[in-house]
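A, B, C and D are the chain letters, set down in written order, and residue numbers restart from 1 in every chain.
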Amino acid sequence: MDLLEYQGKQLFARHGIPVPSGKPAKTVDEAVAAADEIGYPCVVKAQVLIGGRGKAGGVKIAKDRAEATRHATDILGMDIKGFTVHEVWIEGASQIAEEYYASIVFDRSAKAPLVMLSTRGGMDIEAVAEEDPTAIARLHVDPLLGFQDFHGRKLAFAANIPADLVRPVGAMLTKLYAAFEAEEAMLIEVNPLIVTPERDVKALDAKVTLDGNSLFRHPENAELRDPSAEDPQEQMAHERGLTYVKLDGDIGILGNGAGLVMSTLDVVAQAGGAPANFLDAGGGSKADAIVSAVEVILSNEKVRAVLFNIFGGITRCDEVAKGLIEAFDIVKPEVPFVVRLDGTNDVEGRKLLADANLPNVATATTMNEAAEKVVELAKTGVAA
Amino acid sequence: MSVLVDRETRLVVTGITGREGTFHATNNKRYGTQVVAGVTPGKGGQEVEGIPVFNTVQESVDKAGANTAMIFVPPRFAADSILEAADAGVRLIIAITEGIPAHDELRVYTQLRRNPDVRLVGPNCPGILSPGKASVGIIPASFFRQGNVGVVSRSGTLTYQIGNELAQRGFGNSSIVGIGGDPVPGSSFIDIIELFEQDPETEIIVMSGEIGGSAEEEAAEYIAANVTKPVVAYIAGFTAPPGKTMGHAGAIVSGTAGTARAKQEALEAKGVRVGRTPTETAEIAMEILGAK
Amino acid sequence: MDLLEYQGKQLFARHGIPVPSGKPAKTVDEAVAAADEIGYPCVVKAQVLIGGRGKAGGVKIAKDRAEATRHATDILGMDIKGFTVHEVWIEGASQIAEEYYASIVFDRSAKAPLVMLSTRGGMDIEAVAEEDPTAIARLHVDPLLGFQDFHGRKLAFAANIPADLVRPVGAMLTKLYAAFEAEEAMLIEVNPLIVTPERDVKALDAKVTLDGNSLFRHPENAELRDPSAEDPQEQMAHERGLTYVKLDGDIGILGNGAGLVMSTLDVVAQAGGAPANFLDAGGGSKADAIVSAVEVILSNEKVRAVLFNIFGGITRCDEVAKGLIEAFDIVKPEVPFVVRLDGTNDVEGRKLLADANLPNVATATTMNEAAEKVVELAKTGVAA
Amino acid sequence: MSVLVDRETRLVVTGITGREGTFHATNNKRYGTQVVAGVTPGKGGQEVEGIPVFNTVQESVDKAGANTAMIFVPPRFAADSILEAADAGVRLIIAITEGIPAHDELRVYTQLRRNPDVRLVGPNCPGILSPGKASVGIIPASFFRQGNVGVVSRSGTLTYQIGNELAQRGFGNSSIVGIGGDPVPGSSFIDIIELFEQDPETEIIVMSGEIGGSAEEEAAEYIAANVTKPVVAYIAGFTAPPGKTMGHAGAIVSGTAGTARAKQEALEAKGVRVGRTPTETAEIAMEILGAK
């Protein structure tokens, strides 16, 4: 789960990580009131879950109230790479002497947290990594031992941080690691980590990704999910406990198991079709989950045909068939369906479907055949 | 022969008194697996379909001789259950549970790595099936029969799909091993491929990967250096847009590394043929076996 | 550093460990006011850093105010095995259905924390351990992994805790371990850990020993040291940074290094003498530390002769000699001294002493000779 | 020969710019030890008495070839400094610092144990002296000369006392190893006795213990089973009253176990002669060497 910048900064503040003070605002009035309270100059920052907002005009300095009003008006409602700005963060302008970069990533390959530090902050770190990999100091941490003071020194000296800043930058890394561990983050990134003219160290930005699976231990973080920042279909799916990702095509896809669904997308694409979504109904899907899934898929108006690709293991095909029959009863879909059922209780499932004789539902015995049929149906409304 | 589970497997199922735990433990037993014990704290002394229930994994080891554990408890209890099994001296732990917090997995992995005698498979995996010998987990065993194709996969249902494609063409499996798609799998492709390489029954290895991480790339290096048996690969996720999560935490694409394309290229560069669909993957395997 | 029972309970409460509520009191009036506030029946408990206070009459139940007054009057000022009771703890009487035992010990031999649990609480656990070692379930914890939930279950089932209490007792152990780790304890012992008739689990006693070396990280614990509970000489030594333990004899001992001082006590005892104290002046002792040490040793009126046994390593003998000369100048001791100096700068040290020609100071070249001399001096006032 | 430190020792001193650090690093260097580096963060590039100072232990290893570290930083920084040295690949770490929190020692010990290539001696120890070759620590080296008695001791000054008793009788030392009296010493009597057993120069081993813990009892078992060379022991603390702390956290007496008497009996039961005073201990050693 990604946090907005200001949510990340509030999380940082809880762990004693110095951040500029500020206030979030959802309307121009709120934004101007916040700016007045914080004082000028201040910065008006779009809160969206996508990078590159600075270049898109989503971050502006306001010297006075007139500018704050103008910027808040411009930024609220702005579209940044498909994300609408529903909220801004007003913070006091910081004096910047140096811009560094710091991050902690849950490194799946090394199976350990990876801490990175560079003096080349304030810019695209991937570009820095490509151009000069030695500019980024890296260190893996044994998760049972944790981040030690010497790790901070080792990184700071390796990154050529000036001697007087080794201690405060190390202390910042120690606190970032504590936050990473305590909040069960998958990523914490500070870019830029600034040094003020007074040689204080502060997190001027905050990118935090939390582990959705751990939110039951962090109720205060679970509340941070911002439904307004999500796509409405994805939001509906999330509420119903389904994993759904909207895509650009016109063929609705439902499968069980992320791998099989990804494979289904690939096979449909190979057959010349364009998937409209990724939807994993999950293990052990019951009939009502299937009803919800059909509703989510069809809530996307682009969908012209739907493919069900089920290989039952923990999921039982008869349950899927029951759900599909129920969904047709409730939703009465107007687009054609192709259904492929294999695995646990497939015979029973196929029989249920045959007996129900649903309108506009074709069956297929293999994944490839199913893909070809649905692509044809999406194009012509008629199965090949 | 086969790998990891067979007729010597003596299984303890943690979370056996839960609905799913009971269902799959019973299924595994019915398949012929020696399911010698279940564990649910406080329910020691009960029985589930003739399987004795103990309070702790230690008791199941001491009194029922369990040597393999299947973890079927809810995600928030799973890390503890895995550590308990390892502490009790269980050598093979197969964790089916999905949705375990990533930091829990990290702690468990780091702790278990310190004991080379303990192997974890999963979590978030369908288990292991050695057709005709033993089934541990949720793989629909009736679809597979004994043979010489070893399958290792990050995805559950995709494993069945590929196994099924092979079965329809008349090929059976030595073992089918689901390693799971979570951020920190207990066993990697390499760990399982190493076992298949040593297994006399296995003549060909099919590995099924997906986007995210670098496990497939690492496997490619390992195969080139260490594996004499033919390996065929499949990668899911060519259509996945970068930056989108596709259900598995393991499927977060970051930049170019970890894409299906990158994995395919890494494998092919090391001489591993990669099927474009599950069907094509099965066809390549068939072709190689026929050519032998 | 040992905590009083009520300090231990307050520490427990900070970690969410259930304890009966209560109040400390230093006078009878305070005690009665506390009892009135808590309600009757309540328990008046002597707060001393020594076990066996129950048998000594230091714990009494008060049914009403008259009894509370009587018990507080009896207990405050009472002597328990040489410790004067300066404080009592008044707490509400608990209903007890079961008495268990739980502890966590810093096990030096195994180099890991050892957690113990038994249903045979409320009595001398060492007696239980001797009589039936299987009555105590034991488990070592990997300090980097920490205490896991299954550890709690394993201990609880091994100790034959009833099934309905496995979870709450396990939760109690988890919290005790968290306290042990967070507060850097050397020992946490709960005897009895009670079960109420409502099947609640509570710590009815609390024995906590903290690591003195870690107090810099725990300023709130550092303040708990109760000087009034310490021997006055030990208190004086502590304030001056010296390690001093008062013993029963009449020969004052000063050495550098705990091992050498213990050895010196042994050699003096073998020579027929009785040491009056253990005093380790520590590594690198400077002259002023020696002055303090002499003051502490002589503040014990029993002392009839003093032995200085120094083998210089990090400690320099000339510094010790300077300190002794200065101490004679300030304190003007009336008892004889025997001084043995060896090791770093011993030649310089011996020369300083010879030049100073202090009254009543004999020198010795070996430890045995020094011991024999001081024993003789303590007996006769004249060196052999 | 000798154990642990010798002419091959290339020492880095952490905390070298502190007053005591400078004093003892200089002393060690003057004795002939190769003191190749010091470490004080932020003072990299300076020199202390001709010894180059680096910012990190890693740098001292990479640039000065340090293979042994002496820890001389204040107690609150010592655990970190030990872990840093181990992380940098230093094989032998000698921690002089006194007063390290016990839980810090526990974490360090548990972590280092996972790497069998790293040995920690101390903390709260006087160091190691191999007379005529190298001195690392605070042992007053001029009092000792080369010989065939290996000494291992929990107490600093008591070590000097015993070494001195031997020296006065004309015996020298292969090495003198202080293991420290803290709750969690990095090396035990057993670890050092094992080295002396293998060291050709050592003909007899003197171990000096004290009340508290069970290290002496464990050493008794080990000696009976594994040591061919004669061992003479001394135990301090016969006069210590039970339940009193005598300065070392290691000297907390609990019940009967851990008393000087119990240790003496455990050693004598295994055939190890125990001297009643440092003098008697030296006399026994002399007698055994004379009898050889």
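Quick notes
Here, a residue touches a chain if its C-beta (ideal position, glycine included) is under 8 Å from a C-beta of that chain, and two chains touch if they have at least 3 such contacts.
Please read these numbers as outputs of a predicted model, since none were measured by experiment.
Looking at subunit C and subunit D, the chains that touch each of them are A.
Contact count check for A-B and A-D (C-beta pairs in contact): higher for A-B.
Put simply, the chain farthest from subunit B by mean CA position is C.
One finds 49 Å separating the Cα centroids of subunit B and subunit D. With each centre defined as the average position of its C-alpha atoms, the distance from subunit A to subunit B rounds to 27 Å. Between the Cα centres of subunit B and subunit C there is a gap of 55 Å. Residues of subunit C in contact with two or more other chains: 142, 144-145. Of all residues in subunit B, those that touch two or more other chains are 107, 111. If each chain is drawn as a node and touching chains are joined, the picture fits none of the line, ring, star or complete shapes. Contact between chains, using the touch rule, shows up for A-B, A-C, A-D, B-C, C-D. The touching residues of subunit B, when paired with subunit A in their complex, are 20, 24, 75-76, 98-104, 106-107, 109-111, 126, 138-140, 143, 153-161, 164, 181, 183-184, 208, 210-215, 218, 234, 236-241, 244-251, 255, 260, 276-279. Of all residues in subunit C, those touching subunit A in their complex are 144-145. Residue ranges on subunit A touching subunit D, taken from their complex, read 142, 145, 148-150, 153-154, 157, 163-164, 166-167. By the touch criterion stated above, subunit A contacts subunit B in their complex at residues 106, 108-109, 111-113, 126, 142-144, 181, 184, 186, 211-214, 216-217, 243, 245, 247, 255-263, 265-270, 275, 278, 280, 283-284, 311-315, 342-344, 366-368.
Taken in their complex, subunit B has these residues touching subunit C: 41-42, 44, 55-59, 77, 80-81, 83-84, 87, 107, 111.
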